[in-house]
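Each of the next two complexes has chain A plus one other chain: chain B in the first, chain C in the second.
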Partner chain A sequence: MSAQYLIRRFLTLIVTVVLVSILAFAAFNVLPGDPALTILGVEASPEKLAALHARLGLDLPLPERYLVWVSGLLRGDLGTSIRFSQPVAALLSSRLEVTLALSFLAFAMILVVSLPLGLIAARNRGRPWDLAVGLGTQLGMAIPPFLLGILLILVFSVILRWASPAAYVSPRESLPGFLACLILPAVAVAVPKAAVVARFLRSSLLDQMGSDYVRTALSKGNTAKRAVYRHALKNALIPVVTVLGVTAADIIAGSLVVEQVFNLPGLGRLLVSSIGYRDFPLIQAMVIYIAVAVALINFLVDLLYRAVDPRIRL
Partner chain B sequence: MGAKRNPSLVAGLAIVGILTGVFILGFLFTPYDANLMDLSSRFLSPSAAHPFGTDNFGRDVLSRVMIGTRTAFLVGLLTVLIGGSAGLAIGATAGYSGGLVDEAAMRLMDAMMAFPGILLALVVVTVLGPGTGKLILALGLMFVPSFARIARGGFLQYRDREFVLSARSWGAGPVRIMALHILPNAASPMIVAASVGFANAVIAEASLSYLGIGVQPPDPSWGRMLSESQAFLFKAPWCTLAPAVAIALAVLGFNLLGDGIRAARKGGGQ
Partner chain C sequence: METPAKENLLEVKGLSLAFGPKDKPLFAVENLDLSLGAGEILGVVGESGCGKTLSALAVIGLLPPGCRIEAGSIRFLGQELSGLRGDGMRGLRGREIAMIFQEPATALNPVQTIGAQIVEPLLLHTAMTMKEARAEALSIMTKVGFAGVERLYGVYPHQLSGGMRQRAMIAMAIACKPRLIIADEPTTALDATIQAQILELLVRINRDYGMAILLISHDLGVVGGLCGRVAVMYAGSVVEEASTTELFRDPVHPYTKGLIASRPTKESKGRPLYSIPGAVPRLGHKPSGCPFMPRCGSAVPSCALERPDSLEVGPGHEARCPPEAEKRRRVDE
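Coming up: the complex of A and B.
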């Protein structure tokens, strides 16, 4: 990886993050509607309105408000929640662990499930195993995470009576218990994305298996198995890295929704319940942090992509 | 094209065809009034009178699923229309112009893509308040970057081809070249994206309505039916299963249709 590429990619990251912050700021400040008015209601007295304007910094001109907000973000000052009257940072940190653990667990499941499925399908192209994976992944993609979550509760808790649906265990209480209560939610988040990745690996592998170097490997007397594992798979995995990067945003989005299904006290629950309270500082902080996290993940994936494929030099 | 050569297309067309029939039928006729409450017939299990049973207010689940189809399709169509046309305009201009315009447009799209779709919709609903119209606007916005990227790829690929150069040499302007010469060639990935986008719109509408920030009561939506029925999952599982099957079928149908069109454009089956 050349230093020049690294610098260029880093600059685009900065540009993206700045644009992300402007978009997030604009969404809450430029769109019609006065947050103070929404918070207080239409019949609010002018004095109260002015006081809240000053408290939210709404009396400053737009560019100044943006700078105040961004410099606060950089210092780790996310403002004060209107609903809880507490610093936003403190509110987020206790919820973050749930969402992060759920997302990582789901990501691990996606890897463990999708890679073997994609391999099996590609190695048995056109045969029953391939068709089964093709059908199964189509179904997997057709059931969105929150719906799969509900169906899992139906099957495991109501019909099989295994786990009680609303039993959240904090990691400080019991780490194994915490992870156990995240398994079903993680499955719900993981299945639709695992289906996408498996299908992508299958077609990527089939592309590679039709190429000249695999034919050469076979003609030299390699078994089909060896040709796949030693030659085709490595190259087929390169584009899969990109797809996994794009999946990151979907995993986080899926986690936010699935928390609601399983009653998990994560960022998603906080976000959705804050909307009813018009807690603008809280929502704005969550939105910008998630978006920056996604931009960062995509940046790292791009670097990884260059690292695993020495042919790509731009 | 036989079912053997392109099973995705045939299955996708069949499912989408049936759902479109239900969608149109929903405007003309439903077995019962979807919002009619009848407390004497609460939680009836499926029967001849109520094929999908009744819910906690004694409302007919089949009628509610049918009206839900209407909601899902309207949201899907308008969302794809908004996202597709805005994405096409941005992507076509970026791909055809290249240079600084391209760079600026794509950076903006990157930034939009960093907001997970649901989050973007959450922001719009937080600021503007809930409602079906605002939901459509939010989802349309969410689809702009993916359509823009696909359109850009197509226009970039064709802008230096001979037929474009020849059109330019006759004095055709950029808008004419983009609309009449390049678009027909670059359209098929957009059509595939529209079909898959429709499936994603169905998922997004259902998810947001499930969270209570999409379609508002009393209008039935598949997602809201699911959140309402979760409380009595054990007592009346049909209230959950009917909208669940509807969502899965719609997503499956449009995904298969997209796959089928892609395969057909490549020539023959898979």
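Coming up: the complex of A and C.
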């Protein structure tokens, strides 16, 4: 990997974050709605409103407000939430640990489930195993996450009583308890994504299995199985890496519906409620987090590409 | 046959390959006979779609999905291959029969190093350790014309030129010193100058290791320069077979004559090339008589009646054209 590539990558990250922050800043300020009005109520006197505007910094012109916020950001100060009157950093960090833990758990599940399923389906093309995987993944994609979440709670909490429904355990209380309460939500997040990845791997693998170099591998005396594992699989994973990257970026932004169903204090719910409150410092910080996270995932995807495909130079 | 006493290395008899439903098969190859002695080079020539590649794939047991052996036998070293399944065929592939494919750019695994692909048959078929196999692979790479083999062992196919890729392909094929190499259009995807080098390499391998080569090509020139004997295929069967010199000196079948006439020569320079009128019949649209009849300038009414038999027209020279064979006989008498 060249230094030039790293520099280019870093510059791309900066430009992405700046553009996203400007867009978010502009968009939320164009939207109708005034945080001061939300806090004080519609009956508030104009004097009180003006005073609160001044305290929140909302009386300044838009570009100036943006610069004030960016200079704070560069000093590591994310600002103060309008709604909670608490530092944004503190508010986010507890939400972030839920979302990140949930994302890692769900992503691990996606990998563990989808790759074997895709392989089994492709190797048994047209036979019962393939049809079973096809049906299962179709179902996994068709069930809406909220319904899947409710079904999981019904089966595991209400009927089997393995877990108490909607009981969130903070990691500071008990780390095993924290991870245990994330398992069902992670399943709800992972199932539809794993179904997509499994189907994608199946078709990619079938493409590769019909290619010339697999025929060459067979002509050398490889078994069909060895030709798939030693030759076709690595080639088939190249496009799958892209899909996995998109999937990771998607779940790391928080899963509103699943958080709602399982009553988890994650980012998704905070983001949506903050938009309702016009809590600009909080929204801004979350948007920046998502932009940076997505850029980092793309960087990882590039590295993975390089690992599976020697034709790609970074 | 020059040596009828000893069994040939490869003996294909009455081979028919078909697609489509069992009760209404579409024959891509019909009643094909080929024989190849140990250490011999046999050329198979024909237009694309004449069934030459399918026949080769049938020999190595890698027919594409949907294509099946409908009739006939393929004997290799006295062993019947046509019904062979699983491990039996797999043990032969790469060890006794190897194949060189037309397009080295796609026939090599793009994400594996050249070296890893050359040691693979050695690891599959011999008891060599990785270290021994690597040393053997390096010596084979030198043999096929790689310079700086230590470095090139670790490069990927995309880092090589087309000619070098085909050399890597050949190195893979000869790794286990198989008795038969099937080369399917090995030079078609290459530049003219590289073509000559690769053909030269094939001749050298044949001479040095005594490996028999079944060379498949659409190019009579390529085959003529390399092979002792040539089989000309048309619409799924061999229409003429003879030694190369005999075939060029005295072609019998009208299709062979057409092929020879349509080659560019010194005399034909500056004049438009001859071309055989019409096109190869599509699968399922073959006439019931001689498949070449619709394009043949010297057809007689009896040609439309039935599939012609292959008749001997000289020593080691057969042609599937009864009217022409008859003419010869009358001249001889």
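To be clear about the criterion, the second predicted complex is superposed on the first by the 273 of 314 C-alpha atoms of A that agree within 3 Å, B and C clash if a C-alpha of one lies under 4 Å from a C-alpha of the other, contacts with A are read in each partner's own complex, and residues count from 1 in each chain.
What we mean here is this: a contact is a pair of C-beta atoms (placed from the backbone, for glycine too) under 8 Å apart; a residue touches a chain by one contact, two chains touch by 3 or more.
Keep in mind that what you see is a predicted model, and the values were worked out from it rather than measured.
S.K.: Touching A:Arg278, do we find chain B (first), chain C (second), both, or neither?
M.R.: First partner only.
S.K.: What is the contact status of A:Ile150 with respect to chain B (first) and chain C (second): first, second, both, or neither?
M.R.: A:Ile150: touches chain B, not chain C.
S.K.: One more residue to check, A:Val169. First (chain B), second (chain C), both or neither?
M.R.: In the superposed model, A:Val169 contacts neither chain B nor chain C.
S.K.: Could you tell me if A:Leu256 is touching chain B, chain C, both of them or neither one (first, second, both, neither)?
M.R.: Only chain B is touched by A:Leu256; chain C is not.
S.K.: For the three-chain arrangement built by superposition, which of chain B and chain C touches the greater number of chain A residues?
M.R.: B
S.K.: Considering each complex separately, which residues of chain A are in contact with chain B in the first and with chain C in the second?
M.R.: none
S.K.: How about chain A: which of its residues touch chain B in the complex?
M.R.: Touch residues, chain A against chain B: 12, 15-16, 19-20, 23-24, 27-28, 31-33, 35, 38, 138-139, 141-147, 150-151, 153-154, 158, 249-250, 252-253, 256-257, 260-261, 271-272, 275, 278, 280, 283, 287, 290-292, 294-295, 298.
S.K.: Chain A touches which residues of chain B in the complex?
M.R.: Contacts found on chain B: 107-108, 110-119, 122-129, 199, 203, 206-207, 210-213, 223, 226, 230, 233-234, 237, 240, 244, 247-249, 251-252, 255-256.
S.K.: Of all residues in chain A, which touch chain C in the complex?
M.R.: Against chain C, chain A makes touches at 211-213, 215-223, 231, 234-235, 238, 308-311.
S.K.: What residues on chain C touch chain A, complex-wise?
M.R.: Against chain A, chain C makes touches at 60, 62, 90-95, 98-99, 101, 103, 106-112, 120-121, 124-125, 156, 158, 169, 172.
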